[in-house]
Each structure stands twice: as C-alpha cells, then as structure tokens.
Amino acid sequence: MSAKPQVAFYWCASCGGCEEAVVDLAEDILKVVEAVDIVLWPVAMDFKKADIEARPDKSITVAFINGAVRTSEQEEWARLLRRKSQVVVSFGACANMGGIPALANQFRREDLLKYIYEDGPGVDNPAKTRPQASSQDEGRTLSLPELRNVVRSLDQVIDVEFYLPGCPPTPKLIMAAVQALLSGQLPPKGTVLSPDHALCEECARKDSKPVDLALAAFKRPHQIQIDPEKCLLAQGLVCMGPATRAGCEAVCPAGNMPCTGCFGPSSRVKDQGAKFISSVFSNIVPKEAKEIDAVLDGVPDPIGTFYRYGLSKCILRRKLN
Amino acid sequence: MKYLYFPGCSLKGTGKAYEESLLAVFGALGVELQELEDWNCCGATAYMSVDETKSYALAGRILALAERERLDVVAPCSACYLVLNKTQKSLQEHPELHRKVTGALQAAGLDYKGTVKVRHPLDVLMNDVGLDAIKQKITSPMAGHKFAPYYGCQIVRPYATFDDQHNPVTMDQILQASGAECVEYPHKTRCCGGSLTGTVPEVGLRLAYILIKEAKQRGAEAIVTVCPLCQFNLDGYQDAIAKKYERVDLPILYFTQILGLALGLPAADLGFKRGIISAEAVLAGR
Amino acid sequence: MSEQPSMAPVVAAPAVAFEPRIVAFFCNWCTYTAADLAGVSRLKYAPNVRVIRVMCSGRVDPQFVLEAFAKGADGVLLGGCHPGDCHYAEGNYKTLRRMRMLIRMLKELGIEDGRFRLEWISGAEGDKVKAVVNEMTAQVRALGPLDLPGKFKEWDREMEDLEQHVNASAPQQEEAHVR
Amino acid sequence: MAEQKEHQNGIPRIGFYICHCGSNIASIIDVEDVRKYVATLPGVVVSRDYKYMCSDPGQELIAQDIREHKLERLVVSACSPNLHEETFRNAAAKGGLNSFYFQMVNIREHASWVHEDKAAATRKAKDLARAAVYRVRFHQALEKRKVPVDPNVLVVGGGIAGIHAALTLANAGKKVTLVEREATIGGHMALFDKTFPTMDCAACILTPKMSAVKSHPNITLWTYSEVEKVEGYVGNYKVSVKRKPRYVNEDLCVGCMACIDACVFKEPKFPDKFNQGLGKRKPVYIDFPQATPKVVLIDPATCIQMKTGKCKKSCADACDRKAFDFNQQPELKEIQVGTIVLATGFKTYDAKRDALYGYGRYPGVFTALEIERLVNASGPTLGDVVLRDGRHPKAVGIIHCVGSRDEKTNKWCSRVCCMYSLKLAHLIKEHSGAEVYNFYIDMRTPGKGYEEFYDKLLAEGVHFIRGRVAEVTDWAMTPEEQGKLVLRVEDTLAGFVRRIPVDMVVLATGMEAQADAGEVRHKFNIGCGSEGFFQERHPKLAPVNTFTDGIFIAGACQGPRDIPDTVAQAGAAAAEALVLIDAGHVELEPNTAHVVEEECCGCKSCVPLCPYSAITLDEAKKKAVINEVLCKGCGTCVAACPSGSIRQNLFEDDEIFSEIEGVLAQ
Amino acid sequence: MPLEQKLKYEAERDVKFANWVTRETGGENLRHCIQCGVCSATCPLSLYMDYTPRRLINLAREGFKKEVLSSLTIWLCASCYACRVECPKKIQVTDIMYLLKRRAIQEGVYPRHFPIPVLAKEFGRMIFLFGRVNETLLVIDLFLRTNWFRFLGMTRLGMNLMRTGRMSFIPEQIKRKRELRKILAALDAEEQKESAL
C-alpha cells in the first residue's frame, strides 16, 4: 500500500455538481492527485464495491461524500465508507442538509411513486408497473435499491467529521479543506469548513442595506428589474444572506441573484428557515394579521424558499402525514 | 328582498288580521315572503314548562327546515321570535343540549347547523327596507292620529339586538313615518298578562286594564302592537275589564294595519274587521 | 371542590387516556402575570400546559416552537400582551408578524392548525388564561398525539436492517459510527 | 427529608428545594414524590423539601447546603418568581453562590392553585422542576446593573392624592413638578360640601393644602397641562408636558377678577362645568373663588374674541397687569425626573346609562355630584336644595349602587357611595327638611366612625329600604302619586313590592376609571385591570407600585376609595419614591442583550427592532452594538438575529432550548 | 287562629335539589344572587305571588324544595323576561321559573286546579297530535278540565271571536307528523338512557 493518503469520493442523491466542483479545482487538482491516492471515485474511475469491502477498516484516510441519502444503496455505501474511513467529509449542501432532493420530504413516497409511474403527464404504464426492490426475471433475482420514506442528510445516517458547505462548495473552500486535511491541522470534529458568520459580511451590497427594511411587499426575481448595486432584501427579494453562512464570497448576489441559502446556517442556529423568518418578517410594515398575511402572500412557497437546501435539517425534518 | 315566513299558530288563528296586514304591507313594499313548508308549532312559552329538550327540538325542526332554504326567517309573533332566537342561543351555549337536540333531529333526517337568522318584521322594515324607502311609498299619511306604541315583552327582551331593551323605538319610527303621532307611553314593554288572562283572569285583567287605561289617558286613540297574543288579550277581554273595572273601549291594532293604511291599501285587505273593538275612528274617511 | 358540573359530555375514558402536552411561552409582563392572577384567584384549569417564561413574546424564536414540537409537545401556546399593550412598546407586533409566517410553514409541514396558538392575554385576564388553556387542551386532545420523537424513531427504523448488515462484520473494538 | 448524592462528572452540582407553602402546594402536589424524583436527575446532589422555603430557616437551609455540599446551581420550586425570586437569589448569595446561578419554578400559582387532579399536578411539578434543572446548568454568573436616580419627582393629577403626595415629597426637600389637566387643582374633593363621617367642610381642610402647593418653594405647579410623552426608565425619565393656553398670562394675573366683571357678557350665560352644569359662567372665568392657581382663563368655545376676533375685549382693557394674550399657543415643556406618582383620579358613572332611572328624562332626577353642589354653601344655589323648576322637594329618594355591583355596567362596589349617600341624606334633610329614603342593596360602612354615622342617620329618621329600585316613573297609580316620581322597589326586608312617590331622586353613581386611563397607562407603560383602573404590582404587598419601576399610583386611579384612604395611599406613594431617591441608585436586572462582535456580520436586521434605540451600527467596524444602559432586555433582537450573534443574559438560547427539552423529557 | 310554626331545621333542606337547579340550563348563576330584589320590583306579577321572585331564588338555592315547588310564584310567571334583563348578576330568572315548573309537573306537586300546568300539558299534547296548536280547542279543553263554570262565562268572548272569524274548531295539522314524532321519540329514548345510568 502506498504511503500517500488514501482518498475516496462518493456521490449519493446529487446532481453531479459537487463532482464538477472537484474538477473545477483546475490545475490545482493535479497537485491534489499527486499528493493522494484516489481509491474510489465512481464518476471518474472504475472501482467496485467489492474493492472497498475488501479493504481493512479505517484504511481510507478521508472520504468525501456528496449528495443526500435517499436509497438503500446510498445508505449502504455511506455506512461502508464510514467503516473504512478515518475521516468522512460531508461534501456540499445535499450531503450537509438534504439539499434540493430533500424538498421531496414535502411529499409521501407513495404519492411520488404514484405520480412518476402512473399519473404524471406522458406516463404510459397501463399495468401500473413499479420498480421493485426484488424481482424475478428468467429465473434470476434482480434487486434494485429501495427508495426510503425520508430524504436524509449524510449525518442523519452516519457520523461525519467535517462539512464542506455549498451547492457546490467553491474551489477555494475545497482547496483549503484539502490542505488542512493533508497538513493534519484539523479543526474540532463537527466543524463546517467555512467562516462562521453570515454572508452579508462578504456581500458587496452590504452597505446599501437600509437600517430599517420596512418591507411592505415581497417580489420574486423575475417580477422586478433588479438594481445591481442595492441590497437585494431592500428590493423586496427574499435574500437568505443574513441567515446563511459566509464562505462563497456572495457569488449569487454578485451575479444579481438573491442568496438561496445553500451554505446553511451559522453554528449558532439550529434551523435556518425558522431563524430567517424570525429576522426578516419581524421587520415588515403592517401590524394587523390580515395585512401581514397580504405581505406574506408575496412568498408563495415558504418551504421551498426557506428550506431550499435544508429541509432534512429543519427541526421537523419532513412533512408529517 | 326575500325571506322565509314563519307565521306560527296564532297568525293562522286569532291573529289572522296580523297575517293579512303583514302580507299586504310587505307585498306593497316589494318584500317577498315565502311561507316555510310544513312548519310546526314553536312550543311558545307553555311547552317550555313541560319539557325543555322537546321544546328546543320543536323549534329546532323549524330552524332545520329553514336552513335548507338559505334565507333569513321572519317570525312576526313575539313568542315565536323569542323561542327561535332562544333556541339558537341555548344550543350554542350548552353543548349537551346541542348534542341531544341535533341527535333527535338527525333521527328524523334533519340537519341543524345554527346558521339561520331569525328576524322580526320591525327589524326587516327598519334595517333592510329602510325608513326612507317606506316614507317614499306613503300615499295617505295617518296625519292627526295618535297611537300608543306597544311592543310587549318578548320581542325586545332578552335576545333581540335590533332595538333597545328598555326603550325600543323602531315601531315609533315606523308609525311616525306613516304620518301618525306616538304618545309617550311608559308601558311600551310592560307585560300585558296575555299568557295569564285565560287561566288566572284576575291577574291578567289587571295588567291589561293598566295598559289600556294609561294609553287612553295619554291621548291615544288605539294601542298599536306587534304581538298577536297582546292583541288578543287587550282586544278580547275589554268586556271582562268593563265588568271588573270600567269601560275602556280602545281599539287594539297591529302596526302593519296602520302602515297598510298609510301605504294606501284598502282597509278590507288589512283585517280591520277582525277587531272586537272596532277601529272606526282610525278608519274614518278611508 | 366545586359543585359546578363539567360541561364536557361524560364519556367512558379509554384505558390510557391521551393527555396532551402543551408547551407555553408566556411573556413576563402580561400573560405570565395573568397566569399568576389565575392562580391567586384559584381558577381551575386543565393541567396540560407547561409554561416557559420569557420577558417578551418577542424573545420567542420560531426555532423554539419547532424544537418544542420535535421534543414531544402536542401543542405550543404563545402568550403576549395585547397589541398596543406591550411592555416593550411593540415586541408583540414583531411576534405576530413572524408567527404569521411560521403558521404558514407549520401548515405546509403538516402540523394541524390547533397545535400552535398565539394569544394576547393581559395581566388582568386570569380568566382568559383559564379559557385559552382549557380550550386549547380540548382542541389538542381532539387532534390526538403528535409525538414527533416517536415519529422520528419510526422513520429511522427503515435504516435498521442495513445498519446491522453493514456493521455485522465490523470488528467489535470499533466504536459505532452510526447515529 | 433530603436526598443527597455525590458529584457527577461534568455537570454542575445542583441543589433542588421544593416548598410546601404550608398546605398551599402540598395539599395538591405530592411534594415528597417530586423531591425524590428530582434527586434522580443528572447533576442534582441535594434535593430537599421544606414547609416554608421563603422563611428565614428555609433560606438558611439553602445557604448552608451551598457551603456544605459545594452547590454550584440552585433550583427552588415554590411560588411565582414575581413574588420570591429575589428572596432565593439572596439566599444563594448568602451561601456564597452567584445569585444568578438560580432558577425558580412556579408550582403554586401555576399548578397547585389552579389544578384539582393531584396526580396531574404532581406530574406537572416534576416536568417544571426537570426543566429548571436542565436549564440551570447553563446559567452564568451575572451582576445587577446600578443606575443613579434623578431626585426630581413628577406628580400627575392635582386632586387630594396628588396634592398630598406632592407636599409630602416637597417637605422632604425634593423638587416636585405637579401637573394637573384642569385649570385648578383640588379635583373632586373641591366639589364637595362636607366630608363624611366627621362632616368637616371640604373647603376648610382642602384649600389650605392647595395654597401650600402653590407657595411651596419645592413645587412647580403646572395646571391646565397634560403629560404628552414619557421616555426612559426608573431613575431617569424624560417627560414632555403640554401646557394648554389659558389666553391669560399666568405669571401676570393676580386673580382680581376685574376682567370677569368687565366681560361683554353682562350675565353668566354658559353652563358651568365646575358646578355640574347647574350654574352659569362667562367665557372668561375662574372655576371657584379658591381656585389654585388663582388665575382666570378664557373658554375659546364661547369667547367672542376667540371665535370671531371681533370683540371689544373689555376684559383685556380691565386688566391692570396686561395679562391677556389672545394669541397664546400650547407650549411643550420637557423635564427630567427619576420617579413619577400617578394620581389621575376617577370619573363618575354616567347615570344616563341606566335608562329606567330616568336621568336626563325627568328633571327631578339628579346625580350625587349635582347634589354635592346644590348643598354647597358656595354652590349655584348657595346651599338651597331646590328642584330644577325651583320647587323645594318634600320627599327625596337616594338610589344606591347606580353603576356599581351590576354586571351589566360595573361589577365592583364603588366603596364610597353608601357613605356619601348617608352624608347627602343628612345634608338634604338638614337643608330642606324633606323625607329622605335610601334605597340600598347592602349598607357598607367599614371605616373609622362610619358605622356610627349610619347609626346617627337611622336616629335622624331617614328611611332605609333594602332593595334595588327597578324603575323611576311618572306613571301614577294613585292620586298621591300624581305629579311625583314613583320608585318601584321590593322592600326585601318586608318581602313585598312598594311604590314610593318622591319629588327628587338622587342617583348615587359609582366610580369608574378615567375615560382616558387607557391612553395614560400607555404613556407611562403601566397596566390596567379589566375594569380599567391602574393595576398595582401586588394587591396587598405592593399596592402603590406598578409593574414599571419608579412609577407609583395613588388614589382612585387605582380603584374606588374615599378621602382618608386616598391620602394614606398618596403618602405611601411619596414614601416609595423617597426610598428610590434616598438610595441614590437602583439595581436593574442584568437581562440585557449584547452582540458578539466577531460573530456579527453587520446585516442590521436587529437595529430597527429595538424600541429603545439601544442598537446601533458601529460604522467603523460595521457591526451592531447594543447600549446596555438603554437595553431593557425584551430579547426581540436576540430571537431575530439571523446568524445567532446576539445573546441575552438570563435568556440565552441554550438556556431556553434546555428548558424546552427538560419540560418535555420523560 | 291556629299558630303556624315558622322555624326551619337544617334537615328540612334538600341540598341535592339546590344543586340540581344550578346544573339545569339557566340555573347556572343562581348562587350569585345578592338578594337586591330588582327582579321582584320589576315583575308585573310579583304583587300576586306568595313568594317574590327574589325570595324564591333564595329558597331554591338554600334547598327548600317543598316551598319552591308548591309556590304560586312559578305559575304566575308570564315569561316577560323583565327580571332577567334587569338582574345585576345576570341570573336567568325566567329560565329558573321554567325549570322549576317542569320539576313541579314532574313531581306532581303543582296546585291541582291551578290551570296553568294543565294548559302547559294540553299544549304539549296538541303539538304531539297535530304539530300545531289550535287556540280555540286549547281553551275549550282547558276550561273543561279545570273550571267549566268559568267557561260558561266566556261565551261572550267566544261569540265575538266567531263574529270576527278568529275562531276555528278544525285543527291545523302538519303533513309530516311522523317526522315530528320521530324527533320526540328520539328524545324519549335519550331520556330513558339517562335515567338508566
């Protein structure tokens, strides 16, 4: 076995953007590849589960796992890598908080399956066939991963040492994390590897935010001509910046788009959505329930807005039914 | 403007004149009354003394039937008006009673939700039709006539909200709109003894006598009322009063009869002939 | 104690009757004082509410409400001063605004309407404390247990098989990593 | 009994104490069971119960345990923290523990007094105790804040309560500003002729005190003025007062009243408010001869010059001192005070609301206050008791409890009506010789010399009929009743209904909160009870304090009361203010919020939430900063900080989260 | 004149009865009475009553059942509600009178020839039979059962009513009598269930 650190990359329920982010390290990736041995990277290299199973426990120095955990297969891989690795880094918003896949926690699994295999437009499935975890075909047993009832963040399945936030994490943060891991100068377990204050700190528009927002209406980005200089909240856009951890250098606001909260909350906040509500809506103008409700109507999808990346980590975890 | 009409037993019996004049007046004012289909007796004051839940259930049936029509119910008889309102309120406030009564109604296939509004003709005239609209239709004002407006007990007490409990004025205003004058009548809400005259005459007659005498003393040529029982009691027992106290001879009319005259309706359509004490003076020249 | 009859219909109680657990956040100046007044006046009300005192309803972070549900509350009651009466001028308006949004969120996440309630109760309204507590207890009792801790456990049961399977061959000396 | 056990790793050593409160708690809550249970909770090393925790031995027990068992945290389950939190904080301090390593559990007001099911109440007591045990681990050592107290005092209301409070404070050498809404001080007492039960003349005992106010070097008297705005906190209030224009320069007018004689209206023409409308006055007037300050004023609603600008202004010409100023404008004054005494008084019930008593309909019906003026030697009739048509009444009926003891209007007993009705009965009989009937429900004469006064009236032959009058009517049943007002009442002691004809009816109207009590209390940030009177901090133990420190209440603004009680209370309010002033400083709860600078991103979300402008943005650092002197500790900004960068002493997030967890853990 | 003993012993009180009154609809506030007598004073009939309404309320809450149920007071109440709107303690006096009347009929202690309970009962019977009430038949029935002498004295009124077309001997009836009887039967069943408990 090589003396270099053994590194694994794995993806669960994700879009692949996190893999892209690794590639986005550009020339730096060569330094990384040089410094480590990659023992697993399904998107780029061919390894089999058996290869990993065969390894001694704790023989992988660090496993970077991205994506939420939704299927039994993802769950199994996560557990397997946990067993084989010294350090697990939860990589990206989906692994950290469920991410976009976790929005499915607003629906029952049965309803989702029914829609996708029976009711959805364009579905032609008169026999109402659905994928089965186990089925017989020509005398052989075929098995498929099972879809779980709940979309989970990685740390709701296995223990995790560190978190790299973002959808996806920025190359700069990834490099910093890798360097820290290689140098062995590790922060305390559970640390999110980005600055522990809110995004406004890094936002170029910060100074243009008025002291009193006094919002009387909320707008969605397509409804207005966005002023490229002015604080987005002040323009009535739901910008999650104040309730979102810094580290991305406010790329979205720099691109004239409000922050949607992919970095998650600061270490002092348990529930990003609830805290955002507490902050921004305390400052709206009306005082009567009816008028308040009229303003709130400007945010038609509260869950999708405040928990775009974090429904798994909402204190309630999912819709109850 | 359309309402359900719950006449009650009296308006089909001794209070026919009230029904006749009410229908005529509402017709003339363009208010449609649709008689509630297969209505039953509300139980009035008497039945409440026999069986509480049953009397609420009787009223409950009426309300349940009315609910199907999605219209406000007009109940001209004071006792009916009170009983229906009382039923709504008691069922609302007493869950156990509500359970029993709605259960019994359901057993007969009836559904009671408590959504129907029970209205008095005075309330409808004042608040829905409006004094101005009434005034516009007055063709032969009752100028020079003086009446004692008598509301009796059960319409303003204790459930009505359309007028003051101690000093109601709705009928005063309607009579004045008809061009008549109202005497200051301190007994306008005092009990006439109606529910007792038949059974304990010495008691009922005294109350009736006080009412009629005071109205007369204050210069009224008739007592004008809103209640069929009051009308019956004050009109029907004047012979007995004469025997026991003195001859009082004062016509007892319904406010709808006066309003009808002012609206130019023929007296014959307003039930004047049904008064035991004739109202010739009121009708003079009409 | 009292000979006043109970209004509730007499129903045979099931073997273990469900007793709702309601967490209340009461502001120190109005609602907490009102609850004290209810006590001094010896008003009797349902024993299902547990009061957590805050200085102002404005201190109540929506996270507290969610956390209470997650830790097992069947209902959460939030009591503050009447609009215009806040000891801190306008804290209760801020509460109202953020809670209106929280209510929407709770609805979308499947928490029934009656489980979260915001009430304005002044320091003089001991009787309102009684009325609100009784009413809410009855309402939550009718809704049945919420039992989020139980639900969390139940949800995670689907992972048990795999957890055992993957860790079956794990050397015993290893500390278990699975939560 | 006590449970004791050894130290547990990492968790502070907690002592738990549960109070029986005699049987107040122990009769409903199984104290023993709770004590045993709490002993099993992590960190609890001592768990005791005691009959009266708040007693000296109870407190000593705690202090001793702290020393002996090296307790690091303290939880006491007893009554409301509003009552005894301070007591147990002191007990902690006595034992050498920081006072704030303490959490109180309210199982009396919130459990034993309000529940009947013993098992459920005990369960609740355990849940609440567990929550406190979980919470107290996170408590931090804190110190109270000290702020100085401004020695100047504001007294609002110039009735007998305000007058007495102001004089007491001024005599103690404090500077007092007395603000009165009307043109003269004196309040309701100035309207009275005699005072019960001693029958001393109200003017004789009141007017010397009024003059003393005017001449006292330590009192600034602002009449015809109202408080507009109050800012600040105990020891440091900033108050804006609006001085309404009298159109006469107060400093120049000497009260010679030559202007009133000179007014273009030769005769008084307008209803005289001071005399309850029974007399008349001119547009330029003075309420009564002893008005203080003795300064005339102009009623702009009736003065021709004020209305049209076209008067020959003979009043101004008659003034030697050139005091008239028709262009006078309202003036806003600002003062700094440390404490405030509110003595804003009451209003009488509007007798028109009881329609059946005929006030406003029958001229023979009067309110008690009108009779006060009628029997007053300096009143509109110079003491002659006459009806509005000039006749002298031969029979008078006084109806008690008008607007009192009636759930349709006011539920409470107004306390003074029985006694003043007796007084008026006596005076009417004395002045007119009429037969006087008192109609009462219960005769309430608790007070020194009060019952004796009732006795005297009985001996004088005044009729007392126990029953609430149903109706006052002019409807006559018998010839004797013709032309009279008839009262129908059940003589409940005789057991039958009576009709009693009289010429004059006096309605003993009750006392209500001032119409604007609601606005006033908002200005001063104090509470009102459901009946509208100002709410005292504790009905027995803090009757002149309010929930806002440094603001005290005296007299009938707090509830119906008579003159002796009002004066006693005014003295008490003054004494409470003196306590603060002489202490020189007050200690404030340390429950303030602060921003953790390195965590703050400067998003400013918190800044507009603070009603006291305690939060500002440090422009250099771009971080929010909280001024702890201004912070009153509501915690709204803490709940709202989107990155969790604001903390609040005593109400930290982890304290509340652990309390939530504790109250629900099973 | 024979002397009557007015002393009452504690044993003569029926506490259950008092409690029952407070539990019935309308009786809730009974114990709040402050005995001010405004009910009696406002009552147009109190002058005929053996106990004024105020006294009756006190007798009821103290549990003097016999005195209460056999009193004329409850039968003289004309349900005019004047007392109820005047009561400073919001006691529903009229409803208390109703519930006492019902109890008196139930226990059969009402004055035999006092026609009001008879009227009330007949009224109920007629509703059961026809669903509506015919005043003519009701009055005839009533007088025949109580005091037919007086009935003879009423012929003048009868003639007057006949003359004015206000008298009818044919009862009005509802169509769906069965529906009405089902309702009443359901309540009878409910009552049986309760008394079985």
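Going by the order they are written in, the chains are A, B, C, D and E; count residues from 1 in each one.
Just so it is clear, a residue touches a chain if its C-beta (ideal position, glycine included) is under 8 Å from a C-beta of that chain, and two chains touch if they have at least 3 such contacts.
None of the values given here were measured: they were computed from a predicted structure.
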Residual chain clusters - subunit E taken out, nothing else repositioned: one piece
Busiest interface, counted in C-beta pairs: B-E
Rounded Å distance between subunit A and subunit C, as computed from the means of their C-alpha atoms: 30
Centroid distance [mean C-alpha coordinates] between subunit C and subunit B, Å: 52
Subunit B-subunit D separation of Cα centroids, rounded to whole Å: 49
Whole-Å gap separating subunit B and subunit E, where each centre is the average of the chain's CA atoms: 22
Where subunit C touches two or more other chains at once, by residue number: 58, 61, 67, 94-95, 98
Overlap residues in subunit A, where contacts from two or more other chains coincide: 269-270, 275, 278, 282-283
Interface hub residues of subunit B, defined as touching at least two other chains: 94, 166
Complex contact set, residues of subunit D against subunit A: 598-605, 607-609, 617, 622, 636, 639-645, 653, 657
Residues on subunit E engaged by subunit D in the complex (per definition of touch): 34-43, 46-47, 52, 54-55, 86, 88-90
Footprint of subunit E on subunit D - complex, ascending: 356, 401, 405-408, 441-442, 466-471, 488-492, 495-497
Contact footprint of subunit B on subunit E as seen in their complex: 24-25, 44-45, 48, 76, 78-82, 84-85, 98-99, 101-102, 105, 114-117, 119-121, 123-124, 126-127, 131-136, 139, 142, 150, 156-157, 160-161, 163-168, 172, 174-176, 179-180, 182-187, 190-191
Interface residues, subunit C side, partner subunit D - complex: 1, 19, 21, 23, 29-30, 32-33, 35-36, 38-40, 42-45, 47-48, 50-56, 58-61, 64, 67-68, 71-73, 84-85, 87-91, 94-95, 98, 122-125, 130
